[in-house]
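Both of the next two complexes hold chain A, though its partner changes from chain B to chain C.
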Partner chain A sequence: MEVLIAQIFNGLSLGSIYVLLVTGFNLLLLVAMIIHFSFPVVVVFSMYVSWAVMTATGMVPLGILAGILSAIAVNVVTAPMFQHIMKKRGSVDINATMVISMGMGMIITDILSHTFNQGFPIAFPDALTGNDKGALISTRLISISRGQVLTLIIGVIFVLFLFWLLYKTRAGRAFRAIAEDPNGAKLVGIPLLKTGLQSYALTGILGGVTAVLMAVLLGSASAGLGDQLGHKVLAVSIIAGLGNLKGGLIIGLLLGVLEAVIQGYLAGSWSNAIAFIIMLIVILAKPKGVFGSSL
Partner chain B sequence: MAQNDPILKIKNLSVAYGQVKALTDISIEVLKGEIVVLVGANGAGKTSIMETVLGANVPVSGTIEFKGKSIGGVPVDKNVRNGMYLVPEGRGVFSSMTVMDNLLLGAHHNLKNADSKLELVFDSFPVLGNRKSQVAGTLSGGERQMLAIGRALMSSPEMILVDEPSIGLAPIIVNDIFEILVNLNKEGYSILLSEQNVYKALKIAHRGYILETGKMTKHGTADELLNDPAVREAYLGA
Partner chain C sequence: MSLPLYYFLAIAAIYILMSWSIYIPYRVGQLHFMTVANMAISAYFAALMAINFSWPFWLVLIAGTLLGALIGFLVSLAIGDAPCFAVVIVGFTFIYLTKTIIENVEAFGGPLGIFSIPKVMQTSSSNRVFLLITAYALVLLTGYLIKRFDRSRLGRAASAIFIDRDLAVSFGVDVKKMGMFLQSWASAVGGMSGVLYAFIMQSISPNHFTFHIVGICMTMLFVGGYSTIWGALLAAPILWGFPLILPEVLQSWNIVIYGVLLIVVLVIKPEGIITRPMIKKLESILLRKKKLV
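And now, the complex of A and B:
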């Protein structure tokens, strides 16, 4: 029982990372109308930037700031590329955006594996992860780290913030209007390009915060991490129902818990394969996603 | 601006979608405080005129003035801020969003006054007040049309463009909607209306323009058009 509770807790921390990534992916899909499955690669890139600044300066807060800023920068700088092919809003050319996203992912992954730390995985300083202080709770069987608690708390707060923003604010209303009917939104005076750009900036902040949380939770990163997460985020989004924000929230958390429980009771290294087999079964039973697509 | 000044002045407007000509040499005026109706069959160009005035289409040639200023090439959001709002064909309400959210979308550029505007809208359309937290997808056709009109009012417009409000509504509901438009006009809103229901539209309008395949064939006061033999034969079945 103790192990199960600990693994569920583990899973929720990991799941809140998935939720943040899926929500960013869905926002870009709904509002900016791009399939940006390399969004998690951008997040991992920010982890690397954060690490580089922390290692060079020895200052953790500066590294955190750099990570968040770099995610915003990458998103906003690449926005014109996506927007160029999206100029004719309404007639969505989602396929072309996939190619751009794929290319971005490959380029960033290559940069990460050639230039940072000579291609070796990076490890974040204890000052960030808090690993030197030992576990927060530890018994004979389990231990829960400060990083896990922090990730879960900040993850939950940030997800609540995102949903508040989407459902209770002016910008969120505009996002949802565009998501439902871009042309209709345009006709009632919602500026599409400007609102799209806001969604890039928002997902940039989201990506940056996620990067820092991942650094705290995982304590390390490698160049291949982004691709791996990219696959999972795409799978979670499709299983929940493409563009379904609430669905992504639930399935993201479930995937985290599922993986953690598999790791707790079965061979940990098989957790990806088992999770994907279960997702495969779900998608065969529910081709449009468990909660239905919002596109 | 004095009464009888044009709030909207369209001159020699031509619009094309690629190679397809949608509008040829259209000239229309809406005076302040008027209801002006554009009548014509499907494909006559009514929606094209509305959307071009609004800024969603770029004209090939011609000029459009709103409140005395040229608005050629001005984007929709700017025109909305400037006092014009569309009640789109098919209502254009966002069915996954609540009634309240739909109304607040209308006040997107003017949120400061949203509360007082909401009160006015709920006074005029109590049904919207009763259903404000329901999603718009659960509303009936007539209620959606009211929502689309209420949303327009939220933007504090001076001119409302109403595109084919009667489509898909029961005749008795159409009467309600037209009565709403007349009342709005009495409150001072200028209205450019497009309609296939020629008789009912001319009955509430001050003046009208007749469109056929993108060209203007006739215009005059509503009474003149109602009594014109050619119009009667083509549109009124008499």
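And now, the complex of A and C:
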């Protein structure tokens, strides 16, 4: 029983990472109309940048800042590429954006596995992860680290902030209007390009924060992490229904808990495989999502 | 025949077949990456059958192809008319699961893979010639079948689904059946190339069948042009060949080169380098010349 409780808590903090990633993915899908399959790869890239800055200067806040800035930079720099493709939306379908995003993922993953740390996995300093201070709470089997609590709290705050932004503010209404009907939004005077760019920048901030949280929670990263997260995020958002923000929230948390619980009872690479098998069964049974797609 | 040339030609044939196996379901707008998993499954099936039960090459080839078709068919029952992204994630999941199972089960040789797959012919040189001829004969056969398909009623129906799914449905095209047919066919081609790959390389390991094959074949298809069979046919040997003549420093960056090429071509020319109007024009020029003669 104690193992279960401990793993559920682990799963919630892992799940909040998935929720942040899925929300970023869905934002880009809804507002900019791109399937950014490699969004998690960009996040892992920011982790690497922040690691490089931290090891070079030894200053943790500088590394965090660099991670967030690099995520925004990558997102805004690649925006024109996607916008250009989407301008010809008549002749090109949305799948082309997914292919471009996959190409981007290929490039970033290969660069990560060639340059940083000679391709070996990176480990973040204890000053960031707080592992040297020991667990925050520990009773016999349950041990909760500072990183997990921090991830869960910041994750919840950030997701709440995003939902507030989307559903309670003027800017959020503009985002949702574009998602609903781009032509209608244009007619009522919403600047399409500017709002699109804002959504890229917003997901950049989201990605940067996620990168820092992942660094705190996992304490290490490898070049292949981005691809694996990419598959999971796409699977989660398909199961939830593409573009369904609330569905993504539920399924993301569920996946985190599911993975952690399996890991508590089963060792090695099989636990990951079982999570994938469960996701596969759900997708095969409901290819259009459980909660319905808003596309 | 020198060894490097043999490997270049043989692997080029495999890449042509694999790019076509992605081309076939993309006729209805589905990126069916499961063919890479089919390639791995059939390659391991071929290796185990040839080593443990000494099945002859032809039997293994046919059985491996049918195995691919069967798996493709069973999966297509669920995702025959699914949206593209669902098909993509099913493919990725299958690749991941296949790799995990192969790596963790003793009988499949673990992370090291399987060695010493028997030769088809007695001597190595005749073995190479035989495999090359077989591989290119299969490329010709597959190409001929795809060409026949593209020119038939079914091919036009597939194009209609690609352009406008709702319109195709209202014309009476069965989207699900078409998707199932194309996915099973593609998986069969994937399985066939897996068997060929196992016999050409004579050793296979789980690392041969990962996501980099997806990236490479996708680049070949989209750079060459996804609207005709000629795009992949021309792009596969060129893209697979040119990193081999680059200086050694640049060779390890070939995935970055592929990625950049893919993005640049998609942004500048979304349909790829070779398009249908281009083929039509070429055909009319060639036909006119014939008439003059």
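The criterion applied here is as follows: the second predicted complex is superposed on the first by the 289 of 295 C-alpha atoms of A that agree within 3 Å, B and C clash if a C-alpha of one lies under 4 Å from a C-alpha of the other, contacts with A are read in each partner's own complex, and residues count from 1 in each chain.
As a working rule, a contact is a pair of C-beta atoms (placed from the backbone, for glycine too) under 8 Å apart; a residue touches a chain by one contact, two chains touch by 3 or more.
No experiment lies behind these values; they were computed from the predicted model shown.
In the superposition on chain A, contact of A:177 is made with chain B only, not with chain C.
Once the two structures are overlaid, the count of chain A residues touched is higher for C than for its counterpart among chain B and chain C. Using the contact criterion defined above for the overlaid structures, shared-chain residue A:235 touches chain C, although it does not reach chain B. In the superposition on chain A, A:118 contacts neither chain B nor chain C. Shared-chain residue A:276: touches chain C; no touch with chain B. Shared-chain residue A:287: touches chain C; no touch with chain B.
Interface residues of chain C, counted against chain A in their complex, comprise 29, 31, 75, 78-79, 82-86, 88-90, 92-94, 96-97, 100-101, 103-104, 211, 215, 218-219, 222, 252-253, 255-256, 258-260, 262-263, 266-267, 270.
Those residues of chain A that touch chain C in the complex are listed here as 35, 37, 81, 84-85, 88, 91-93, 95-96, 98-100, 102-104, 106-107, 109-111, 114, 227, 231, 234-235, 238, 242, 268-270, 272-273, 276-277, 279-280, 283-285, 287-288. Against chain B, the residues of chain A that register as touching in their complex are 170, 173-174, 176-177, 180-181, 184-191, 294.
Within the complex formed with chain A, the residues of chain B that make contact are 51, 54, 56, 75-77, 79-81, 85-86, 88, 92, 94-97, 101, 104-106, 108-109, 111, 151, 155.
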